[in-house]
Amino acid sequence: MKRDKLGLDRIIFFSDAVFAIAITLLSLDLRLPANTQQDSVGYDLIRLLPEYQSYATSFIVIGLYWISHHHYFRFIRRYDYLFVAINIGLLMCIAALPFATSVLDTYSNHRSAVAFYALCMMLTGLMKTWLWHYATQNFRLVHRRLSVQRIRLLTQRALIPPLVFAASIGLAMLSPALAKLSWGAIALVFF
Amino acid sequence: MKRDKLGLDRIIFFSDAVFAIAITLLSLDLRLPANTQQDSVGYDLIRLLPEYQSYATSFIVIGLYWISHHHYFRFIRRYDYLFVAINIGLLMCIAALPFATSVLDTYSNHRSAVAFYALCMMLTGLMKTWLWHYATQNFRLVHRRLSVQRIRLLTQRALIPPLVFAASIGLAMLSPALAKLSWGAIALVFF
Amino acid sequence: MKRDKLGLDRIIFFSDAVFAIAITLLSLDLRLPANTQQDSVGYDLIRLLPEYQSYATSFIVIGLYWISHHHYFRFIRRYDYLFVAINIGLLMCIAALPFATSVLDTYSNHRSAVAFYALCMMLTGLMKTWLWHYATQNFRLVHRRLSVQRIRLLTQRALIPPLVFAASIGLAMLSPALAKLSWGAIALVFF
Amino acid sequence: MKRDKLGLDRIIFFSDAVFAIAITLLSLDLRLPANTQQDSVGYDLIRLLPEYQSYATSFIVIGLYWISHHHYFRFIRRYDYLFVAINIGLLMCIAALPFATSVLDTYSNHRSAVAFYALCMMLTGLMKTWLWHYATQNFRLVHRRLSVQRIRLLTQRALIPPLVFAASIGLAMLSPALAKLSWGAIALVFF
């Protein structure tokens, strides 16, 4: 269990860099179709609307995960290498989100695509919950004075998104549109 | 409203990383045509001149936005999560600039392309202005001793580019060349 | 031999950034086949299983190298430019690992592919060992009070993976499957 | 002329990130030919030898530029925004080096390719020299106690590579091989 500040800073820095790269790589999917003609640019730019939407959504999703990472890490004081490993597991999920989003965009109404996206989001949420649970168990890596209530509250808030996404995997088999709607429940919890 | 230094540093760091990735990805567009022959390399390298020009322009545009981000953030002392969210919105615009530039390069004299570029630049500028306005309103996130005059001056300077770009969207419908010329007005303000 | 903190921080930072980019670029290989039909998405997503596996493995391998880099650098106190150069050599190996993994994935049972992967891993491990050996020789760049036993232990642990991988290059000529199995020996040492 | 530490740190950090991305993107050029057959992997991996060589060379060239950036920036104490702008100009050259290298690799014995590479390297070197000259002129951004001799020595060392590359542009017209050989003169100066 290390307390060295530089060591913890490197972990945070490394996470930030992965988040930043994953979020910026999203822009690589913004592309005019190769066969665009000079006189149809305007039309083609408008036809890309779903691509802009998907770019914005993914950017916001990864952005929110980064904000959440930022928020939870403010309570971390020490680290051990299992903690680092779980954090890398979380980053592995984050770096895969652009792929999950592109699947959802290309086949937005297909049940498999919706279920796949929900699965990825569920895994990401579980990783985050595990990271937080591991860090706070018996105040392992957080400050002693962090109140038990606050720890529990943050655990619950971390747990809600993956639970909703898990439920929506089954729902997607019945109706992809309903499953997507259910994701809105997460927003309701936080606002 | 947090004052923790590491928290603010992470926000700045994350922004820098997104800027750095967006600016470096520009170089991915520098490519020899696939069908280059051994004996026409020299000619092909010269024919890429518009690509070099566009690379340099985009690099400078994103670079200037980074300098401006750097400049404005020197006055930020605290943060809250709405501020972080607006900043992510700004980064979303920045990361999309390479796409906007590539559209402008490919169809440089087409009114839709010019208008689209102006639209992106306008959104980026508005985001920056919003970020600054939010931070300085009632000295929310800046130092109390920052003079009201300076805040107002910086707000005005932030507002000029998006206003010019907004006007140039209409202008582009009449004449793309004129619209591009009008962008020069921004430079006049700053030098 | 410099002791300036910022200088050392930049070296660490630069390394972290290269690790982060290499690890995030892995996700670029996650792609649905171009000819996916609307009604076979589910099937296609399942057929990508080897790609997910390879993504996870590569992520973990580079992640472990980063953890190890993090662990060893905690003992570094100073730097000179030969140390920086060896570190860049190590980063050169790290940045090439995604390529080595993609070779192994595409031809997973082919002896050349297995031998090539083992060769890359061996070079990476040797670079890391060299870096550590250079830094600790006569306490060149580490703290005087770091015990000789600990230095030796860390050298030995750094040396085991490249030795196993070197042996597995020969083994791969006889049996690629056996060579891959032998890599498991590394895990045995560390757990 | 600012002295704020965070401001200077951000400039250094941003530069490091651009260097790190440019250097890591080099690995994207390592690719097996698309038509590789299962039974020719070994042969194909060997046939990629020029690609490995070019990867290593580019990695070393950008790495050396980073080391040099690291070395020169140790003397910088303050910054102004013209300094930041010149630094962005230098980064623009750095981010273009992977393209220059790929041109040189694909047409290694063609005079235009050699001249183009020399031109890029010359521009990069001149940018670095300009940055240093600007920072040290009348001790503008460096510590007063930095000796004039040291400043001059570092200026001269910064100036040698661009001068050699400039001369080699003309030489490349006569003999590309001779031009490449002349680049070795730079190494002679530094070792």
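For clarity, chains are labelled A, B, C and D in written order, and residue numbers in each chain start from 1.
Just so we're on the same page, contacts are C-beta pairs under 8 Å (C-beta built on N, C-alpha and C of every residue); 3 or more make two chains touch, one makes a residue touch a chain.
Composition by chain, UniProt nomenclature: A, B, C, D = TMEM175 family protein.
For clarity, every value in this text was computed on a predicted model and none was experimentally measured.
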item: Between chain A and chain D, the fewest steps along chains that touch one another; value: 2
item: Fitted rotation between chain C and its twin chain D in degrees, CA, nearest 5; value: 90
item: Equivalent interface positions on chain B and chain D, same or different at half; value: different
item: From chain D, the most remote chain by mean C-alpha position; value: A
item: Euclidean distance of C-alpha centroids - chain A vs chain B, Å; value: 26
item: Between chain B and chain C, centroid-to-centroid distance (C-alpha), Å; value: 37
item: Sequence positions of chain B contacting 2 or more other chains; value: 13, 17, 21, 25
item: Set of all touching chain pairs, with the criterion as stated earlier; value: A-B, A-C, B-D, C-D
item: Contacting residues of chain B [partner chain D, same complex]; value: 9, 12-13, 16-17, 19-21, 23-28, 30-32, 36, 38, 41-42, 45, 55-56, 59-60, 63, 66-67, 70-71, 74
item: Residues on chain D engaged by chain B in the complex (per definition of touch); value: 2, 4, 6-7, 10-11, 13-14, 17-18, 21-22, 25, 81, 84-85, 88, 91-92, 95-96, 98-99, 102-103, 106-107, 110-113, 116
